[in-house]
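For clarity, chains are labelled A, B, C and D in written order, and residue numbers in each chain start from 1.
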Amino acid sequence: MQKNHSVQNKNKGRLLISCADQPGIVAAVSQFLYSQGANIVESNQHSTDPEGGTFFMRIEFEYEGLEENASNLKEAFAAIAENFEMDWRLSLASQLKKTAVFVSKEPHCLLELLWEYQSGELDAEIALVISNHEDSRTFVESLGIPYYYIPANKDIRKEVEKKQLQLLEENQIELIILARYMQILTPDFVSQHPNRIINIHHSFLPAFIGAKPYERAYARGVKLIGATSHYVTNDLDEGPIIEQGVERVSHHHNAEDLKRIGRSVERSVLARAVNWHLQDRVIVHENKTIVFH
Amino acid sequence: MQKNHSVQNKNKGRLLISCADQPGIVAAVSQFLYSQGANIVESNQHSTDPEGGTFFMRIEFEYEGLEENASNLKEAFAAIAENFEMDWRLSLASQLKKTAVFVSKEPHCLLELLWEYQSGELDAEIALVISNHEDSRTFVESLGIPYYYIPANKDIRKEVEKKQLQLLEENQIELIILARYMQILTPDFVSQHPNRIINIHHSFLPAFIGAKPYERAYARGVKLIGATSHYVTNDLDEGPIIEQGVERVSHHHNAEDLKRIGRSVERSVLARAVNWHLQDRVIVHENKTIVFH
Amino acid sequence: MQKNHSVQNKNKGRLLISCADQPGIVAAVSQFLYSQGANIVESNQHSTDPEGGTFFMRIEFEYEGLEENASNLKEAFAAIAENFEMDWRLSLASQLKKTAVFVSKEPHCLLELLWEYQSGELDAEIALVISNHEDSRTFVESLGIPYYYIPANKDIRKEVEKKQLQLLEENQIELIILARYMQILTPDFVSQHPNRIINIHHSFLPAFIGAKPYERAYARGVKLIGATSHYVTNDLDEGPIIEQGVERVSHHHNAEDLKRIGRSVERSVLARAVNWHLQDRVIVHENKTIVFH
Amino acid sequence: MQKNHSVQNKNKGRLLISCADQPGIVAAVSQFLYSQGANIVESNQHSTDPEGGTFFMRIEFEYEGLEENASNLKEAFAAIAENFEMDWRLSLASQLKKTAVFVSKEPHCLLELLWEYQSGELDAEIALVISNHEDSRTFVESLGIPYYYIPANKDIRKEVEKKQLQLLEENQIELIILARYMQILTPDFVSQHPNRIINIHHSFLPAFIGAKPYERAYARGVKLIGATSHYVTNDLDEGPIIEQGVERVSHHHNAEDLKRIGRSVERSVLARAVNWHLQDRVIVHENKTIVFH
């Protein structure tokens, strides 16, 4: 489904809608797009409950000259949106989301993202990498991506986040990826980026919330280990889950083996979650996600 | 998603559409349903190619008094269908499809279907079971399902199929499930039930087409074995694939082990494929399936 | 690997050993078996830590006239066992373990076990089924297995267990399978059958310990649901894990869907765990299992 | 299980054995290791058939001063090996296998191997990379690995292979990895490296042998795509299979999507197969592999 080249995406728009479920929504929206000369390429919808639930919709469409006429299109749609009291947004596939990656020592998740980025499989503009370690600088800079080393620990959290927030603002960052960034963010930081911070937790949530999940998985003697990618909220590892994955382990494996095996689960789970977000496939509702893929 | 009780499905309809892709289809169809007072519950679409391809759509909707007014609804939709030169059908979820299960000696796939049937998870009316062996009679009849023993071999194929076709006609069978039925059907038989015969082949097609797939998988030393459920055509094991599954094996396993391990893949793959068909989620296009699930 | 017919297993023995790790164990044991004229068919070992850890071994061997000479063989091995201060047992594959299945209303796990039992894939003698409901009587008795209906609730737990324990004793039960038996067992009951009660919990432990795991999984918005088979201890759902499995779910699925999807995971996970126990492939060490498969 | 640092592996040896199955093998080998003061860390065995089959064994052991005394140990074992007419080899975990990676344009499999190499998870010494394209030079050389660009096409195959074979000989290469190298090797080349060339084929063999497997998988409408890692023989894609993996696809995916999805299967399947080979876990018997993991 994924188109990699901006040129291919020149005329591709994505309309995301959520509102109280009621008759006529699909008719009104599709009628609107048709009347505007837009051609629906992909369409997904979900209703929490046909009676009195919430309705969600994602439409991907082709529209000749979208970039020039996006604002007119939005203006025209506003009327319909008002009728149905919709939360909605219209995004252009050609406008890649400005993204910042946070990482600590372990590079595997960062490398996975950079690799897909390199091969044109990640619909993002990776504007910068921020780390509390120097380890990954060489590789990141070799791709022409600025690397900011900001030492961190819980005692200087405020100052650290001040620097980070400034960088994010200067670069107009729309998505923050915590690619195994091992520092906890303050409520203040999180509240400034609602549903725009994606974390990878190295366990099958809600099992093993918090620190040292692999050690605890080993201690419990589980037969599968997992990873979970979720939006960051102020409840540690309690944010809306976007994607999860697992891998089989056995009594042969010690805690170190679990970490090694887990790395490949972590990186693929995070990469999938990030791609879905970048393609506007994820809608957050209460503490859950609707993922249209 | 699945609703098990006919009463729940009293007002549920499914509209399946395929036609040349062109602007305005979704608008016209959703506008129609809205104007009729139908409420869209689930909607899926697919286009083989936005330019000049074929467009497919499945809409599940709630419509008060559907059973009484189905014919009016169809009549009203016919006009739109004509405009877009659609192939289409409207089916009622409350009208369970009359189904016949064919089986030989191995009962595992039959048992799986009967269990889901028993537990109300199979949206079918299993009208009869036909077998060239007596093995499964007791269990089938204990569920009040007629069991017809029709000995078969390739020399008497014509007479056998004559009896089978008569039973299918008498019972107005809409779906034939080959649950490990080890006789080959004649082109004449198949042509009378296009895309209405579902088979389970005990390999990961197109690998190991034909006889003794597990023996050949063992001989080849594969590390995964599979099963494939597909519609039956006159090209052996070449029909449109509905679903596939695999399971891991190793050098520890001999051909008998592969058969044992494979049984659980076969039964779950067949059950999924059958359920999708029964819920009108499968559209056949050329030699492939579009499965809206 | 599995041989289904007792006759095939006439001469097959299984030797399970655990002791402090030290040099010469494998040499001594294999030398012993060789000197006795036994032929090693399968051998597995594990050490928690080559220096000062615990050593575990399972050897499957063929021994002409095993049934007649088992006691002599045990006597002869006792000397070696003493040298290395081993915990050990020698079991005969031909002596199927007497098994009791406990079930409440939901039959899917029971049915799975009976089905494998029927098809000769379960190396057990199912001596009886105990239930606090009548639902499964017909099917169980149709296989010639006694069915005991013992109404249960937490107020009469003691009396209920008294009846159950009596049945278990009368039938010399060696393994108790809780196939979705929804009553909690008392510490007294559990302590009488250490590592001989296998439960299936309908979640990916340690997530969703306790009641209503599917409802809670739905509420949390997980993207995978799971099942866990474990030995029962007096810490609810905290016993040694034997096997786990997962299945993918999405925002399309409500709590009822999760239950339906979960059933097929539960039954296959339980069946695998039970088979491994029956084939003496599971050793419990502290709160974990070593599974030699 | 994997230990990454040579120092940890200083005293670790691996003994691989195959011979006609007969009583006393395990006893003799384990007795020998014990008498030499070696401590068995891991042991696996397999027999194609207890009566008159072939017996395979892999023993991993710790032996103080292995590097100095390896030759004595081998000499001492030769006597036993002769008794049982064994094919055998004793390898030192500390001696990393000299490896050459061949790649064409697509870098994902090469990158996967280099990352694991970088992170110390690949027990190999990657001595050089050979490619018929320049694409991957920068990244390879950034890791200090020599990169040889040797243009190739079927008309100049002989000259190309002459250069390649010379490089392999100069570097005493013990393992050749075809990481999506799209040129066919001549029988002469292959015969010089029996069971020492590992290829990744981008299909679930034996399905889609040969060229354009993803295009053909798309044309067939499969619901799962796969990848297969195998030793190269002179029958195209018919060599002994080491590992396979699959990923789910649907009607939404075109041939390009299958390639993208397949890349992550290919790289993980190849990496597992290569690691097993490097750890001497793979034994080739006839046209199959025994993989002790």
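Please note the rule applied: contacts are C-beta pairs under 8 Å (C-beta built on N, C-alpha and C of every residue); 3 or more make two chains touch, one makes a residue touch a chain.
As the structure is a computational prediction, the values presented were derived from the model and not from experiment.
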Taking each chain's C-alpha mean as its centre, the one farthest from subunit A: C
Identified repeat of the B-C interface (over half of residue pairs identical), from A-D, B-D or A-C: A-D
Chain copies touching (subunit A, subunit D) - same or different residues, decided at half shared: same
Distance between chain centroids, defined by C-alpha means - subunit B, subunit D (Å): 42
Interchain centroid distance [CA atoms averaged], subunit A/subunit B, Å: 37
Contacts with 2+ other chains: residues of subunit A: 252
Category of the chain touch graph - line, ring, star, complete, other: complete
Residues of subunit D that touch subunit C when the two form their complex: 23-24, 26-27, 30-31, 33-35, 37, 39-45, 47, 50, 62
Subunit C contact footprint on subunit B (complex, rising order): 1-2, 107-108, 111, 115, 119, 121, 138, 142, 252-253, 257, 260, 264, 268
Residue ranges of subunit B in contact with subunit D within the complex: 46, 204-208, 220-224, 226, 240-246, 250-252, 287-291
